[in-house]
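Each of the next two complexes has chain A plus one other chain: chain B in the first, chain C in the second.
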Partner chain A sequence: MTSLSTSAAAAPVRARPRRRRKFRWAMLTPYLFLAPALIIYLGFLVYPMLVSLYTSFFDWDGMSKTMTFIGFGNYINIFFGDEVARQALVNNIVWTLGCLIIPTGIGLLLALALNRGLRGTVVLRTLFYAPAVLPLVAVGLIWGWMYNPNFGAINLILRSIGLGRFAGGWLSGYDTAMPSAFITYVWASIGFPMILYLAGLQSIAKEYYEAARIDGANGLQQFRHVTLPGLGESHVIVLSLAVIGGFKVFDLIYTMTYGGPGRVTQVLGTWMYFQAFQYYHAGYGAALAWLIAVIILVIAIPYIRHMSKD
Partner chain B sequence: MKALMLAVLGAVAVMATPALAQDKVQLRLATVFDGPTVELWQPVLDDFMKAHPDIEVKMDTVAGSGAAVYPDVLRTAMASGDPPDVFFMWGGSISGPFIKAGQVRPLDDDYAKYKWGERFPQWIDNRLKIDGKMYGVPLHGQGMGMFYRTDIFKAHNLEVPKTYAEFEQVCSKLKDAGIYCASTGGKFGWHVMRLVDYFTETTCGPDVHDQLNALKVSWDQPCVVAAYQRLRDWIDKGWLVPNFLNVAPDDSRIPVYQGQAAMVLEGPWMEPAIVQAEQDPANFGFFLPPTDHAPDRYSAFPEQWMISAGSKHPDQAAMFIDYIASLDTQKAHPEAFQGSPLIGMKPDCTKTPITCQIVDIVQSDRPAYPPTDQAFVKELMDSFFAVQDGIIAGKLTPADGAKQFQEQVDAWKAKQPA
Partner chain C sequence: MTTAPANAAPRRWQDGVLLAALILLALIWMLPVIAVISTSVRSQGDLLGGGIFSLPKKIHWENFAKAWVTGDFSTYFKNSLFVIFTKVPLGILIAALASYPLAKMKFPGNGWIFLFFLVGLAVPVQVALQPLVVMMRELGIANTLFALMPPYVAFGLPLQILVLRGFFRLVPTELIEAARVDGASEFTIFWRIMVPLSVPALAALAIIDALATWNEFLLALVLISSKDQRTVPLGLMQFQGEHSSQYTLLMAGVLISIIPVLVIFLFLQRYFVTGLTAGAVKG
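On to the complex of A and B.
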């Protein structure tokens, strides 16, 4: 073994002479197949992104023919001149932390329960996953009605079971609006991590659990040492999507609270929309959009790379 | 030979078709009309096209979005160099950014040519004038007041109030009878703003209210604090349906329909909504809330037609506006022009008595004050709403609210170019 290694190491490395491959038209074929998708990608994603990056260095109302170059003025204003943007950033961070823990945790618990092969698993899986296929705008509107203080289902139920003292304006309260919107998000989003974790659980070989049981591992130890490591790839997808979703949140806040009451539920996505489209600060809105994109990239890319290596 | 001739004729016909189509001027009209209104308007467009066979009018509508989305759609069309020729627009500050960006054609020459200035009440023309220029032609003059349940008033022997003190007495009696005085919806801010505007008119009076809206005097002053205090009092005394901060404006009508609340501050669009909600229109009346000032003003705003600066056919666009702003056209299609401020144009008072009552007021040239959201730009308006929300939620005292909003005004002014 050693000698083999030594001889291999001692062997002179001879560079293979590079032969120029003769051009043939057929070599272009794969690129021709890629071209339509690439053109669409460049035209509808890369080009607008670059334009918005360019716009973020200007003071522009989005309509006028003149744009005033202000360098990093918009970016500086986000951190030092705009109280609402800072509050929105904090809201996004809290929301994202919530996304990392609650829907993913519940999704994992549901996946574990459904993976036990109980009767009615298919029905339960469909039930839990169903909200995930609904558009968030529709979810926001439906839950907005459910939270309505006068005729909403939640207050009606509370009153009908004698808990009327807890009935209130869920989305009207400064302290309850954000948690109420987040509960809606949890309801709408547990299905996706559940399905991913369920797929991950079903790919873990039964032999690992048998071996762990023979070694005397209890249920918790099996979960800690077999299940969690076995779900590594699922974690990468679920947690990175949770971070991305947490910073991209827009639809639910827009439809349920419109950033209010006051501005306590503003998040970067809605504040970007208000600035760019309602206040006619297209440059500032573009800067906010790039801030969201950079935060997502800074958090998600190293995490995905790290987990992928493991 | 016959086949050859047919081929030549066919080719000529094909070549001639686009030329003929190009000869016809195509006008694009952008609106926020809903389905039923589009149906009411199609005969108007058809009649215009019949009278002007060289012009074709096509209507694009962004229905149901209100001022939240329609301006975005319009702005995108303008920024991409493809604006509509004629477009619907609210009055006041909502139209401001479009005018400032040079996207709206000044209509002073057309006003002189078609004598539009003589057709509408003076207050509407004054409201539409920006920096001394006219940019729009009135479509609607929307006056707002209290839609109240006549059956509830009758059951509790209540009279329409003539003074603010009487108004408070009515609210107090309703509360004693277990009925909320009024309902309002705090989502988006502008529905509650109508009440705040009314309170400001009562406590500050017409002159100061106008100066406040023009940002010529400080909002941090006793009459504004008193107005905010009235809002607070109405909440604390249980006169408003509670927990309304996140209630959508349309949903705030439901307690009135259900008889839990006696009134709601709305405009002439409320009358068809009452019918649509299968309510008995006979159970509803309308009054202007008393301000205790002379002149006794009410809240009103115009809606208008504008012509894009980028329109390729501005003369035909003006001709079209002249057609729809004429008494003959509007009398021929009264359903399409409900709420028109055109002098001499009245709706069918047997079918829509409250709208008729409001149109009489609007056309009477009785002084009106603008809703604050048509006085301020949206950015400043949202600061106003944030303060309003803070007072409603008890996070701000009326005095702190007035002070905080003035600070927002100062900060906004400091950002504006000299």
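On to the complex of A and C.
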């Protein structure tokens, strides 16, 4: 009732007979504040989203006037026709499961290590976080150079420690391209979980640890029964954002492998781009985009619910 | 930074081992950056002969000048900075305006509108790409920097509204009520009370948003095709295409494109961390 009481509080200062009209204008105030945001959000996020939902039911090249309605044809094609799309979906799922465990796990371990009040913690935190602020295009090029078959740092190191037989074209090998790209992603994405877990750890009251110690809990037991449950909120956020980020992956694959060799590193994000903007299958691209959106929205429900609770 | 269990003495040697392991890991983590620097300061001959782990025979600073000029980075920097200096203040102002009623007023639809914005956190850019291309053509701003701004603002709003609403809720309601009794308009309250009291949050969001704008690739890739309108990530990809085997020049270009972000991050790190945690953990 804030805005109503607002006008009630402000109105007596002015002439009383105007109270009613004043009251009506005041009711509009919140919407006036919201208008610019709503217009931009509806116009340039929601509207294009709906247009691409519409497009996804057509066979369309993205430019010509003729669009052929094919119902769920594009969606059926994703699951039963297009082998690359299925490969891309599998790649996305494996990649996302990796994101759920590896960068988040490393982030948690680093947060635990950096939370012990050691010297140099701030510098270390900065170094581990730094890759996360770089443009992913630059990260892709940097790691493309790291993986360079002849002059890249990785093969140079392998050769110098006598493991030269493992040296190879990391990004051009069918078996190694995807794991190599994933390692790059891990490098660039441990910062966020680390920072969030650090914030979470610092919000756990010391008394819990003292109580646990008095009860005779050892380090591991304290971790299991105090630290992990104490990080409840951090887990929701870190894991949700890891999945959302993992499913959206585009820049790194585009810059490092361009979906290759062959199509083994295609993910839905890149395959959608290739279909819509390289092969001019705009309708099919829109269906792929909506598949990504629906999966992410479903996965994000617990996160959104958590954030909207007061 | 010191919420660790405080039985310090018996842990001292363990902490030493831990610190050593952390430093080793940090060195490994910095290896790619070291490789880039080491590559960018030598001649191509020195690189192919000695490799990146040898001491450079001579420091070739001119690689940076050459990359800057041949890559036309000045155009890309100008374009990216133009987008940042228009988009970031505009977007944050719009987000702040929306966050004020969402945080401090009760009106029909408040909860639903907030939820509606929140859902945007999970919307991937891909789902709007093709229609945006058509829309920008119809608006007559296709293939210009102005085509980037509306979608950049729209996709930035969910996080910014989430964070600012959280901050605005911390402003004491009595302060607002007192201003209302004094006859202040809602806009005055927003501009004179909410905004000044939320400067740390606004600054953090501006920095995060500036970095995200500098780094954004996919929308720019699809909406911009002409050379003189490219932003830094697009220009860098173009540069890579033209100099893919001139490693020293390429890495000089990469370094040029990441130095601004690294400098901003190092100097404004404090704001950065505040903003990130505020956005993720509820106020």
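As a working rule, the second predicted complex is superposed on the first by the 278 of 310 C-alpha atoms of A that agree within 3 Å, B and C clash if a C-alpha of one lies under 4 Å from a C-alpha of the other, contacts with A are read in each partner's own complex, and residues count from 1 in each chain.
Going forward, a residue touches a chain if its C-beta (ideal position, glycine included) is under 8 Å from a C-beta of that chain, and two chains touch if they have at least 3 such contacts.
Just so we're clear, the structure is a prediction, and the values are computed from it rather than from any experiment.
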**Request:** Figure out whether A:F151 sits in contact with chain B (first) or chain C (second), or with both, or with neither.
**Result:** both
Partner chain in contact with A:L171 - chain B first, chain C second, else both or neither = first
Q) Touching A:L118, do we find chain B (first), chain C (second), both, or neither? A) second
Report task. Applying the touch criterion given at the start, work out whether A:H225 contacts chain B, chain C, both or neither, answering first, second, both or neither. Result -> neither
| query | Does chain B (first) or chain C (second) touch A:A37, or do both, or does neither? | reply | second
Look at A:W187 in the shared chain and tell me whether it touches chain B only, chain C only, both, or neither; answer first, second, both or neither. second
Partner touching more residues of chain A, chain B vs chain C, is chain C
Looking at A:F277, would you say it contacts chain B, chain C, both, or neither? Reply first, second, both or neither. both
Inset, instruction - Have a look at where A:D61 lands relative to chain B and chain C in the superposition and call it first, second, both or neither. - result: first
After superposition on chain A, the chain A residues reached by both chain B and chain C are 62, 148, 151, 277
Interface with chain A, chain C side, in the complex: residues 1-5, 7, 15, 18-19, 21-23, 26, 29-33, 35-36, 39, 47-48, 51-53, 94-95, 97-98, 100-102, 104-107, 110-111, 113-115, 117-135, 150-151, 153-155, 157, 161-162, 173, 177, 180-181, 183, 186, 190, 211, 214-215, 217-218, 221-222, 232-233, 236-237, 240, 247, 250-251, 254, 257-258, 261-262, 264-266, 269, 272-273, 276-277, 280-282
Listed in rising order, chain A residues that touch chain C in their complex are 1-4, 6, 9-10, 13, 27, 29-31, 33-34, 36-38, 40-41, 43-45, 47-49, 51-52, 55, 62, 110, 113-122, 124, 126-131, 133-138, 141-143, 145-146, 148, 151, 153, 156, 160, 187, 192, 195-196, 199-202, 204, 206, 209, 213, 219, 222, 233-234, 237, 241, 244, 247-248, 250-251, 254-255, 269, 272-273, 276-277, 282, 285-286, 288-290, 292-293, 296-297, 299-300, 303-304, 307-308
Chain A residues touching chain B in their complex are 61-65, 144, 147-151, 168-174, 177, 256-258, 260-263, 274, 277-281
Note: in the complex, chain B contacts chain A through residues 68, 71-72, 75, 78-79, 97-98, 100-103, 186-189, 241-248, 251, 254-255, 260, 377-379, 382, 385-386, 389-390, 392-393, 395
